[in-house]
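Below: a set of structures, written as structure tokens.
In what follows, subunit A forms one complex with subunit B and a second complex with subunit C.
And now, the complex of A and B:
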């Protein structure tokens, strides 16, 4: 402990000047930007800041009257006019052409997440489950997974995809643990494995803020794009940089407030390219439970489910064609 | 129709001394329960510290420091549930800030060889900022009148005349009041005095 004479105290007090007021205010508003509803009083996240889960029980939902702040990178309802776009093409495809009578049959969907509870009534079975485990040597092993879901997040995503594409094939790649977090190595290893399996579609309701994984994820995202594996990735719920949703080779998803699961919008002001239903979504959770959740994590499987429908009817579409199709079918695209 | 705020943020005092505060442990526990007032208090308590580490220890440019400042508090907010020891929030925040500053420096440097020297200097100055935070925390435990006068004199470099005018105190009594308040501050710093209840 130093000698606290007047000079020393003066120097030490001056050593910590006040931070700029707008900086402090912005940091103090982080909970508001993250949304007010937090499951179990906590903000769930993976990889140091992913597409987090903002959830609450159905009962709490009934008790809460106040609307919530949307996750970051989302669409405010009042902004619908702002994003209205005109399509200049002479003919347009419509949703009937895109996915009329489709069920998702024949489409292999991978859910890269916390595992899936295959026995949940909203999931209705899966076709495989593996876990990406990091050994003491730092190497990633892919093993058959019989743990199911460790925190509920993956089951929630799987249930949403199933609700839209009831006959698609679902496979779980578990990379998150019970604390809603996982290692970057497991993330990369799990994604690599999923690419090797050539899934048609990979749902990633998660992201990492760690830049050291950014370059490797970028390479994998581009590899997926050329292999015709569609990556659908959540934007972070906070206004921070994270990956892989920022990459142009993936389909990135934020939230809107409309309760219709088939309503989605193209965002003319990327980086997030599409908005889907992500507020007060009824989802499957652990032990057969259902919850109402809010977050970009739940908007993402809505787009995945719709893409599964499209691919089941048009299996030869490449990722860029599918993204273009989503653009044309977005609810904010109007005829010229 | 925009989405409404879930709560109304209180204005942040433009400057001055933090009011007497609960312990870090109390604040962290309240933050976990979703107490946004506690979160604001936590940010207020550590904003000077994080700001000083970024701008003084690591000498980040303003826009880098601003990014790091927000990222530190975002990570603290997101990871609060994973903090094993609630009394350790201070070293944890220091560590998160240091790590993000290092990342930012390395990302902006073409020649990473210069990093180690800078890091050593930065780590040395962290110790001093830690002492400074201890003094600020002790200051926050003093009665309001002492906090005000010490902040004005030492932190804001105000003259006896300005302090006397703004606080309506006879200039001749300011020196003795500062002296008495300094004594109280030393008592708190050296553990001879119990914290004063919030005013």
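And now, the complex of A and C:
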């Protein structure tokens, strides 16, 4: 795809009767993504000159512009220089290179779960909380959430992520806890919102078995993969079809019994791809309590926490690079 | 009324009763309790209409007082497992202030260690299977989850059958205009040989009258 400057874009737009609706929508979405470390500025820059016809708020104009990556459908010879990318990592990688001295700072983690008790000592505060609520008409609406955590699951996950990546940003998206019925729709709606916010990591220590949501979840998982939002999902150790952990675009996590939170294994027999600490984990519970629990629900945030550390040190890694790096650093990978 | 519930009604009348299914659920918690050498085991059924968990079968502690008791679906370990659809092991649930208070008030029995797995059938979460207070087996937690999950699969099938039977019962007992067909089928199946032959001849005549296998 040729490189257009702002003037060329302006000429093109003047020739159009109106700006294409999807472009307008994307430009209007930019302010909401202001907290993301992801690049959007080239797009904004292209449309913010005198020739721009797109509507965007004054707040958007004040945001620091970062380049956006528009889809490329082919590669022309003249574009080769444009797509030159810096190598993701050196020839040999180790954990020191991957996350040595990292704290998770600058990485935005979403916990898609039952809410988070932000006041729990193991959680140490969060940067936002919303709830995906299903109306009588079946529509999902996203609202600010002040309920905290109704069952404790999300708080447990958040505490584990915080224990590994103490300076990461945590946001709660509550899709459970206010009645079980309709959770499939809330699951989809909450995940869709999280993708729109372009979180770096989305922890999902849960799954749905509703087939009617499987295809939609698959699409969202792939969208996340291309948008550089990494989904980390609990695997099922039961003979059931459940989602989204089975999708190749997410990182699926089961449990091992080692008490070291930084020990993880790659599974050469997927669909479960990684095993992390999931036995006798000390987790945050309701009303400020702590409990020792076992389950894949707790293994998953261990991988999320480690990914947050890696991304805080290497923010440009794409989901497939991050997964490959986890593979390289797994405790069961031995040198030839 | 569709063919599904009618077929289910006939099958239920022919094959099983709710009591049979209840016996199956009871057998599952009895075996689970025995295998884990636990103080108790229970199956919760999720009631979608009321958004509650119901004690459907209990073995050991609480077996006389708990069956039929209802809890909000988000309650305690079982609600946690139902919502997340993930198995969970907690070695000391008394650390959970809400759980201990509620159970002490409701049942008088406060378990300490719990293994809980969801009962999943096709795309539905039907309930939760729990094993309470088994002897500590360090290093065996994941194996215990795998083992209880096998029972959970069996329990989920039993719960599914139970729910089918209840729906079928509702169809047979209902005032749907086609419920008479289900009642006739049940009556024919329950009749003695002579009555059954007569009844079937009559039904075949009705079938011919209406046009066998053709759209009416």
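Descriptive notes on the structure:
Here is the rule we use: the second predicted complex is superposed on the first by the 239 of 336 C-alpha atoms of A that agree within 3 Å, B and C clash if a C-alpha of one lies under 4 Å from a C-alpha of the other, contacts with A are read in each partner's own complex, and residues count from 1 in each chain.
Going forward, a residue touches a chain if its C-beta (ideal position, glycine included) is under 8 Å from a C-beta of that chain, and two chains touch if they have at least 3 such contacts.
Since the structure is predicted, the reported quantities are computational estimates derived from the model, not experimental observations.
After overlaying the two complexes on the shared chain, residue contacts for A:151 are found with subunit C alone; subunit B is out of touch. Look at A:238: by the touch rule set out above, it reaches both subunit B and subunit C.
Using the contact criterion defined above for the overlaid structures, shared-chain residue A:211 touches subunit B and also reaches subunit C.
By the touch criterion defined above, A:296 reaches subunit C but does not reach subunit B. By the touch criterion defined above, A:78 reaches subunit B but does not reach subunit C.
By the document's definition of touching, of the two partners only subunit C reaches A:287; subunit B does not. Applying the stated contact rule after C-alpha superposition, one finds that A:176 touches subunit C and leaves subunit B untouched. Contact with neither subunit B nor subunit C is seen for A:326 once the two complexes are overlaid on the shared chain.
On subunit A, the patch touched by subunit B and the patch touched by subunit C overlap at residues 179, 181, 209, 211, 238, 240, 257. Note for the complex: subunit C touches subunit A at residues 46, 48, 51, 73-74, 79-80, 82-93, 95-98, 117-118, 120, 122-125, 139, 141-142, 145-146, 149, 152-153. For subunit B in complex with subunit A, the touching residues are 1-7, 9, 12, 14-15, 32-34, 36, 39-40, 43-44, 47-52, 56, 66, 69-71, 73-75, 77-82, 103, 107, 128-129, 131-133, 135-136, 139, 150-151, 153-155, 157, 182, 185-186, 189-190. The part of subunit A that touches subunit C in the complex is made up of residues 113-114, 150-153, 176-177, 179-181, 183, 205-212, 234, 236-242, 255-257, 278-280, 285-287, 289-297. Note for the complex: subunit A touches subunit B at residues 1-2, 4, 6, 9-10, 12-21, 23-32, 34-36, 38, 41-43, 45, 48-49, 52, 66-70, 76-78, 179, 181, 209, 211, 238, 240, 257.
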